[in-house]
Amino acid sequence: MRDLLSTANLSRKEFEDILRKAAALKADRRVTNELAGRSVALVFLNPSLRTRASMQVAVFELGGNPVLIEPGSTSWSIEYRDKIVMDGNKTEHIAEFVRVLSRYVSAIGVRTFAELKDWEYERTDPVLHAFAKYSNVPVINLESAMHHPCQAFADMLTIRERFGSEKKRVLMTWAWHPKALPMAVPNSFVLAAAQCGHELTIAHPAGYDLDSDLMRQATEHAEAAGGSIRVTNDPHQGFDDGDVVYAKSWAPASFYGRPDVGHHASLRHDWIVDSEKMSRTNDGIFMHCLPVRRNVIVTDEVLDSSNSVVIDEAENRLHVQKAILAALVK
Amino acid sequence: MRDLLSTANLSRKEFEDILRKAAALKADRRVTNELAGRSVALVFLNPSLRTRASMQVAVFELGGNPVLIEPGSTSWSIEYRDKIVMDGNKTEHIAEFVRVLSRYVSAIGVRTFAELKDWEYERTDPVLHAFAKYSNVPVINLESAMHHPCQAFADMLTIRERFGSEKKRVLMTWAWHPKALPMAVPNSFVLAAAQCGHELTIAHPAGYDLDSDLMRQATEHAEAAGGSIRVTNDPHQGFDDGDVVYAKSWAPASFYGRPDVGHHASLRHDWIVDSEKMSRTNDGIFMHCLPVRRNVIVTDEVLDSSNSVVIDEAENRLHVQKAILAALVK
Amino acid sequence: MRDLLSTANLSRKEFEDILRKAAALKADRRVTNELAGRSVALVFLNPSLRTRASMQVAVFELGGNPVLIEPGSTSWSIEYRDKIVMDGNKTEHIAEFVRVLSRYVSAIGVRTFAELKDWEYERTDPVLHAFAKYSNVPVINLESAMHHPCQAFADMLTIRERFGSEKKRVLMTWAWHPKALPMAVPNSFVLAAAQCGHELTIAHPAGYDLDSDLMRQATEHAEAAGGSIRVTNDPHQGFDDGDVVYAKSWAPASFYGRPDVGHHASLRHDWIVDSEKMSRTNDGIFMHCLPVRRNVIVTDEVLDSSNSVVIDEAENRLHVQKAILAALVK
């Protein structure tokens, strides 16, 4: 493992080692020296609470120095296209940006959302891969257009804390949101749940399919790990006897390049997670990556219940990221 | 003492312990380990120089790691209202924001100015209290709508450095300013000066009264500490034989919700602190929390005189905040 | 040496000591304790990648604590004029800004670009000198209107790494750019190259002369160090047999105060650095301070060639800044 771009290419052992190390770091939280004397660049092209805070704390607790960079704000705007004549509004090419940072720091974390402009381009995660291409030091994906592996690790650790390493009935359910959002979180959750061998249901309205390549990869992982994936367009079905309910809104491929399109209002009522739905689960836990729109994605009643583990997920971001940093930085 | 929201509820001993510890830390300035291995979140909803810089240095000098968060800019915008359907422009609820941070850090400092929109709402310091409500770790008020206790401690330390712990004749005088400003600094100064038993005069134009509850609290403290408070609408009277002159502009309750209202131009000349006024004091010191508008609040001549202690006040922010952090974080 | 405002007033020994110390710190990169327990303020009035990142890493690797301040954004807007009535849109006077910071930190780095509004004013570097005037701690110029000494040191170290301390044939060549840019980099490079005794050619279009005082200073340094300076308006001539080619766009004095003026399109083709030009050098290296506009200032072919040392220059910013901090902070 050189970079952490997604969990897709991790071996079973690599995947498990991160979770095991994270649990150990959580159980004995103190400052260690894996990053002593090292700086880590944290490049934010988008806002963030959990990632900004938890990565800074993670680097510090490993003895290192977090260096925050906000291109287009505190730093220069970045050009990603090759062989371009840079006479427009972009100031610095990614080739220089990353190669320079690589000289200062021992790892680079990067956060970059999908712009929802061009599906065929963005589905390849071009910004993330440009960072990885030019970097001489490990690159950690802190959420890209298509993946959010740190979140997925935190989610898997949270499930394991509640249920041990048993395979569980897990629902990833779409929810209505006032804005069109990227697919990174559902993609990475689906992949990681498949890699853990869970019995996974993905529920979303018709036309909201996740990327077909991603689904193929997840299916292969599920088969290899003894799990399963089924997809439904029914907002209710997946709750029955579920152990885990993960809610997340996303925009389908068809929304890309259409800035004015939104989710149909008729979907709103059907897809919110409420107590009635949760009552049909097997005393299931409620998960969300946060930030969450209260009473839009999920009701206050569910979010504030003892079955809600959203704060644990957020805390676990810290511990898995410490494990990832410790594994990647030599 | 669990949080530091204002000085109002501190016992005499708690108040004195902060000042004594701050003086000791100033006398022997070096890195210690009260916060070794700990991170402290510094949440800024408004700009800041002294607070941003001095809190970062304070946390570092105690061995800890400052983590800066700017909601609405580097982080998500925050919803404070309970039971709200979050389908507007706010991305994250304070309940999640604070509970997540509480897992990463050992204390949370928060800076949030009054918006001057709704007096009855803002006078209760709702943002600050929402942080305190949801936090599992100590919350430190780095200036809220109604209080600025770190400034008040720094001010009291500065007075004590000049005069020892004797009770002095202290004037808090309003000044004209091109913008309407919150009351946090005069509120906290008045409270703390009362708690220290000073002989306090508050001078402001008619109609610029501080909050009646705040004045009642301050009066009780003054009585308990053997001091006194009088209020005058005369811009000159309070200078006579004064030991301490503290200038500060604020907007009265009547300005809240009226964004176009400003201070009457006729007040400008009468209320500026100049050498003539200072000459009537008992060789008094000039104080201001900074930033200060030169030749608007106070003349260059007074601000640059040897009786001006504004830089000492700013320096003392560092030392009192170190004392506060050391007292709160266990 | 108390501050580092430019290299102009450094003695030969001071100049050489910085380069020697930087090379030693680069050869043995690890955390040391020159800044143990010390904080350093890094004040950014403009965006930055290399400076922000490398200064944070530099302070950390010397054992210290970097404190970033962005006036007008995270901090208050600054008034620089003396004896001003501050009733406009500036919130804090530089006198207070700097004197307060001086109490918290052991050095202040400041980044402030030319605004290209008023040549006679800006050529005196008024912002930088205001910082130095009010500071009680060393001030380090992280690029001002007229100087960028940290870059010049990094450039000289880079030349020395390639060629030893021999005197070389060095070309500073102007290039076309879509925007009018300040002169700080060419000024400081020219000065430093003269101080190192190189055989320097400055090539720029007619009317693009550098400041006459700067040129006089540089000429005196060149003579003292056994070097030379010639100026040409020919975009080709300086490449012949050159060892070092440094490309940089700048706006001449005549552009100041004329926001709509730009470089004539006819200059674009003539002044780009391409392989044909580089082929006429003595296997010369290509240098640029970054960020660089690809295929505008220089072609991809040159920038990506093995003779391009732009990433080394950027890395060397770190090492020279560590040397400067270690030299200035006592």
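Note that the chains are named A, B and C in the order they appear, and that numbering of residues resets to 1 at the start of each chain.
Methods note: a contact is a pair of C-beta atoms (placed from the backbone, for glycine too) under 8 Å apart; a residue touches a chain by one contact, two chains touch by 3 or more.
From a predicted model like this one, the values you see are computed outputs, not experimental measurements.
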When the Cα trace of chain B is superposed on that of chain C, what is the rotation angle, expressed as a multiple of 5 degrees? 120
Same or different, please, for the chain A to chain B contact, judged on whether over half of the interface numbers appear on both copies. different
Averaged over CA atoms, how far is the centre of chain A from the centre of chain B? Could you give it in whole Å? 40
Pull out every residue in chain C that's touching 2 or more other chains. none
Please name which positions on chain C make contact with chain B in the complex. 36-37, 39, 41, 65, 67, 69, 71, 73-76, 79, 83-88, 91-93, 95-97, 99-101, 103-105
Per the touch rule, the chain C residues reaching chain A in their complex are 30-31, 44, 47-50, 52-54, 56-57, 60-61, 70, 178, 290-296, 300, 304, 310-311, 314-315, 318
